[in-house]
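So, here come the structures, one by one.
Here chain A shows up in two complexes: once beside chain B, once beside chain C.
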Partner chain A sequence: MQILVTGTLLGGTYALIALGLTLQYGAARIMNLANGETLVAACFVAFWLFSRLGVNPILGMVIIAPAALVLNWLIYAWLLRPLVRRAKNRGMLEVDSILATFGLLFLFQGLMLLTFGGAYFNYKFLAEPFSILGTPYALNRVVAFVAGVLVSSLLYLFLYHTRQGAAVRAIAVDPASAQLVAIDVSRTAGFSFALGGALTACGGTLLSTFYTFNASMGVLFTMKALIIVIMGGVGDIRGATLAAFILGLSETAVASLIDPGLTLAATYALFILVLLFRPQGILRRGAA
Partner chain B sequence: MLEVSNLGVRYGRHIALQGVSLRVEKGEISVMLGANGAGKSTLLKAVAGIVPSEPGTQVRMNGRAISGLEAHRIVEQGIALVPEGRGVFGDLSVEENLALGAFAKRARGTKQSTLQLIFGLFPRLAERKRQQVRTMSGGEQQMVAISRALMSRPDILMLDEPSLGLSPLLSKELFRSLKTIAESGYGILLVEQNAKLSLKIADRGYLIENGAIAGEDTADNLRHNPAVLSAYLGGRASNAPISTALPIALGDVKAIADSIKNIDRSGGH
Partner chain C sequence: MTGIHRDEMLGLICGGVALALLSLLPLLTEGFYLSFGVNLVLYAALSTAWSLFSGPTRFVSLASAAFFGIGTYSVALWLDALPFVVLIAIAALASAALAALIGAATLRLSGVYFVIFTLGLTELIRQIVSWSQSRFAHKMGLYVFTDFTEGDLYWMLLALTAATFSVGWLINRSRLGFALRIIGDDETVARHVGIATARAKIVLFMISGAFAGIAGAIMAPRYAYIEPQAAFNPMISFMVVIMALLGGTRRLWGPLVGVVPFTVVMELIAARFPNESLIVVGIAFLAIVYVLPSGVTGRIECLRERLRRSLGTGVDAPGCGKIEGRA
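This part shows the complex of A and B:
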């Protein structure tokens, strides 16, 4: 039971991070290897806002998310759009964007190492017990989960009940057809990429309230997000959410039942199983 | 309405289209006939802004120059394309496909009335609103594709081989629907292999060969022209001397054979 609750709480934060990459990879078609760097940067900004200015990290998201949106929009406009224009097909764009964002990863990681050094950081925010069904859990994890669910719900409302959201889903399904219904694919892709960055930054902010972070852990989270996205089916919002919870639960289960050192191994084992048996994603029928 | 003059398209060094001119009027069906690889699909893609056209090309829609505009802007000018292979959003439901069809600014106020036209035309879509399009039959998917294009309230509807992969019976039904659509005021530019059925509903026909217009006439005249019959309708080639049949160079069996050889290079398919 405790595993279920802890895993679910963790899954809430993972869902946000993975939804960010889903929008970037599934809709904007950019495999962003620097996605985890956005997350780590958000951790540091949240840390800085909290320890220097005493800003509550949940409120901090109000600053961090729009900042990440703008930053990611600029990255798309300056670095990635030329690649999209040049690419003759999806495969070529995939290779180019992986190489470009790989470079971006090192740039951002270097900047953060320069500023903060390689040490581990954390801060005390709502580090008090909160009882669920008689068992105490850390309140910050519960708050992060609730905030994550709220932000994801907003994203759902946007994607499924607004015009612009429908455009994002359309380019995720089929960009060639999207242009035939008057959707500006290039602009919508830029927007999806920026929105994805903002979501990942929200995930990072929430993560920082209960997790010890350092400047070079971005790659780890890019990989987790990638695993969740592949598991859910590229571009599949609901699949990614479900996969995030599966990952949260299985990591928690392995850490508490077997050994905490094996969580990464469990993550990849899950990934390989999905690739072998459901390469199109857990919720999709037929071949992708 | 839609006026195309001197349209040229080039894929690298291969000239796919050259000096193509045509017009489509409101309420009128024009059909473009030609062998595989003659450049029919490329023509529609160029008008829709999906492939770039050569300098010197002039495309005017309702008097406004639209060549060089991006594809999504051309939809806003009133031209909708139903591409070859339909291009529907397979993962989405019928309802969602139709809603996205009305994404264009020009279509915002007319969603309900267009839906009524569509459900009158294709009652089956009304019954299957929530079905995922990928799970539907070919004929039904074609209905979704045409309906989605209609949702943008186009003045001109362009269709690339809509009868491809449909049974003769379904094709007949489809062409009847197209006639109804034209009668409600839409201009239709149709690219087809099925010359017999398409000339029956069309007002004008164009013959395209090796990337150029080889002839044009009213659909009725084309239907009864022996040279056209032999080349496109499977009639007997010996009925009339091809060279004197029309002031156009069509029906030349060798040219058609050549254009068939060109399929691979055209890139239009």
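This part shows the complex of A and C:
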């Protein structure tokens, strides 16, 4: 029972991070391997805001998310759009964007290591017990989960009930046809990429309230987010959310039942199962 | 199979002479320059092995470090029980087996799955090795004591590089190499003309992995004390990718062009500005994508083509931009 609750709470944060990557890869078609660095940067900003200025991290999201939006939009406009223009097919864009975002990954990680060093950081925010069904859980995890659900619901409303959201979904399905119905594909892709970055930053902010972080952990989270995205089916918002909870649960189960050092093994086991049996995503029908 | 062209003959002779000259190094110097030479030859072997697979297929593999670590551990685990030659064979087989597993899981699908899978692979194996060592052996590291000198390791790595080259050359001439070039150009076409694309990719990935594993096995005596953290170092994979792409993967010797300058640069950076090395790696990746999309050798060939055309002797060759676009 405890595993179920802890896993679900963790899954809420994973969902937010993975939704960010879904938008970036599924809609903007950029395999952003520097996604985890956005997350870690958000952790550090939240830490700095909280410990220096005493800003509540949940409120801090109001600053962090727009900042991440602008930063990611600039990255897309300056670095990635030329690659999209140059690419002749999707495969080439994938190779190019993978290599380019590797560059960004190391660049940002290097800069953060220079600024903050390799030490682990954490801060005390709402570190009080909160009782669910008689068992105490850390209040900050519960708050992070609730905030994550709120942000995801906002995203869902945006994607399924606004014109701009429909445009994002359209380019995720087929950029060529989206153009035919007067959608500015290049601009919408840039916007999806930026929005994805903002979501990941929200995830990072929430994560920092209960997780001990350091400058070089970004890749691990990118990895988890990628696996969630693939499990859910690329571009599938609902699939990604479900996959995030599955990952959160199985990681928590492995960490508490077998060994905390084997969480990545649990992630990989899931990944292999998905690749072997449902490479098109857990909710999607038909061949990949 | 056709006969040996004159160009190839020339390449063979040049390669042989270069090999002979390089093998003199341990006789001339020791200490810093020799140990630098070992690094150089190590990365030459790893990058060439990497581009055996990733060059023609354009699948970015980040598994080099995993193969390398498996090779290192193969030696460390059974050094007291078996002769070194057998251990090298074990390293090659174990790495090839791992490559077959990775290939079977991902190479039937698109390239992205492969990249993602190999991205975390080194860390995964490190976790498993650490866990099983603390669980079953109750200690973290293993000692490797041998009589090999730095010079011996250098010669072995040089021989490995030569072997990688020969195998790469043979593959290029074989049906497998031809099949892979078609797969790299257009996988759908390859499948339609009856190439078993997944099998061809898996076989080549196994060969490439086996060479990386052997490199790890040869390097094991140099570390003396082997622990998961050092043996499974993900940076090795990234360095290999940068060096190979920097040099260019369209020629067998392309990666070498990247290995030499980048090893020198990283050595300097590590000595002078150790904290900035990640930033340099980042800039190198960006430079590859934006400045040298087909590597130094690709750029040179493209310039040569342009020169020939401006002299009016060449046939109507594709423009520079087109060649670059194919990286």
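Note that the second predicted complex is superposed on the first by the 288 of 288 C-alpha atoms of A that agree within 3 Å, B and C clash if a C-alpha of one lies under 4 Å from a C-alpha of the other, contacts with A are read in each partner's own complex, and residues count from 1 in each chain.
The rule we apply is simple: a contact is a pair of C-beta atoms (placed from the backbone, for glycine too) under 8 Å apart; a residue touches a chain by one contact, two chains touch by 3 or more.
If you're wondering where the values come from, they're calculated on a predicted model, not measured in any experiment.
K.L.:
Chain B versus chain C on the shared chain A, clash or fit?
P.N.:
By the criteria stated at the top, chain C and chain B fit after superposition, with no clash.
K.L.:
Determine, under the contact definition given at the top, whether A:74 touches first (chain B), second (chain C), both, or neither.
P.N.:
neither
K.L.:
Given the touch rule stated above, what does A:111 touch, chain B (first), chain C (second), both, or neither?
P.N.:
second
K.L.:
Is A:272 touching the first partner chain B, the second partner chain C, both, or neither of them?
P.N.:
A:272: touches chain C, not chain B.
K.L.:
Would you sort A:59 into first (chain B), second (chain C), both or neither based on which partner it touches?
P.N.:
In the superposition, A:59 contacts neither chain B nor chain C.
K.L.:
Is A:184 touching anything from chain B or chain C once the two structures are fitted on A? First, second, both or neither.
P.N.:
First partner only.
K.L.:
In the three-chain superposition, say which chain, chain B or chain C, touches more residues of chain A.
P.N.:
The partner making contact with more of chain A's residues is C.
K.L.:
Looking at the overlay, does A:264 come into contact with chain B only (first), chain C only (second), both, or neither?
P.N.:
In the superposition, A:264 touches chain C alone.
K.L.:
Between chain B (first) and chain C (second), which, if any, makes contact with A:167: first, second, both or neither?
P.N.:
In the superposition, A:167 touches chain B alone.
K.L.:
Could you say whether A:219 touches chain B, chain C, both of them, or neither, answering first, second, both or neither?
P.N.:
second
K.L.:
I want to verify one number: the closest Cα approach of chain B to chain C after the superposition, in Å.
P.N.:
10
K.L.:
Intersection of chain A residues contacting chain B with those contacting chain C?
P.N.:
No residue sits in both footprints.
K.L.:
Which residues, counting only chain C, touch chain A once they are in their complex?
P.N.:
Per the stated touch rule, the residues are 58, 60, 105-106, 109-113, 115-117, 119-120, 123-124, 127-128, 130-131, 135, 234, 238, 241, 245, 275-290, 293, 325.
K.L.:
Under the definition above, what is the set of chain A residues touching chain C in their complex?
P.N.:
Interface residues on chain A, with respect to chain C: 31, 33, 79, 82-83, 86, 88, 91-92, 94-96, 98-100, 102-111, 113-114, 219-220, 222-223, 226-227, 230, 259, 261-262, 264-265, 267-268, 271-272, 275-276, 279, 288.
K.L.:
Spell out the part of chain A that touches chain B in their complex, as residue ranges.
P.N.:
Touch residues, chain A against chain B: 163, 166-167, 169-170, 173-174, 176-185, 286.
K.L.:
For the complex, give me every residue of chain B touching chain A.
P.N.:
48, 50, 70-73, 75-76, 80-81, 83, 87-92, 96, 99-101, 103-105, 107, 134, 148-149, 151-152
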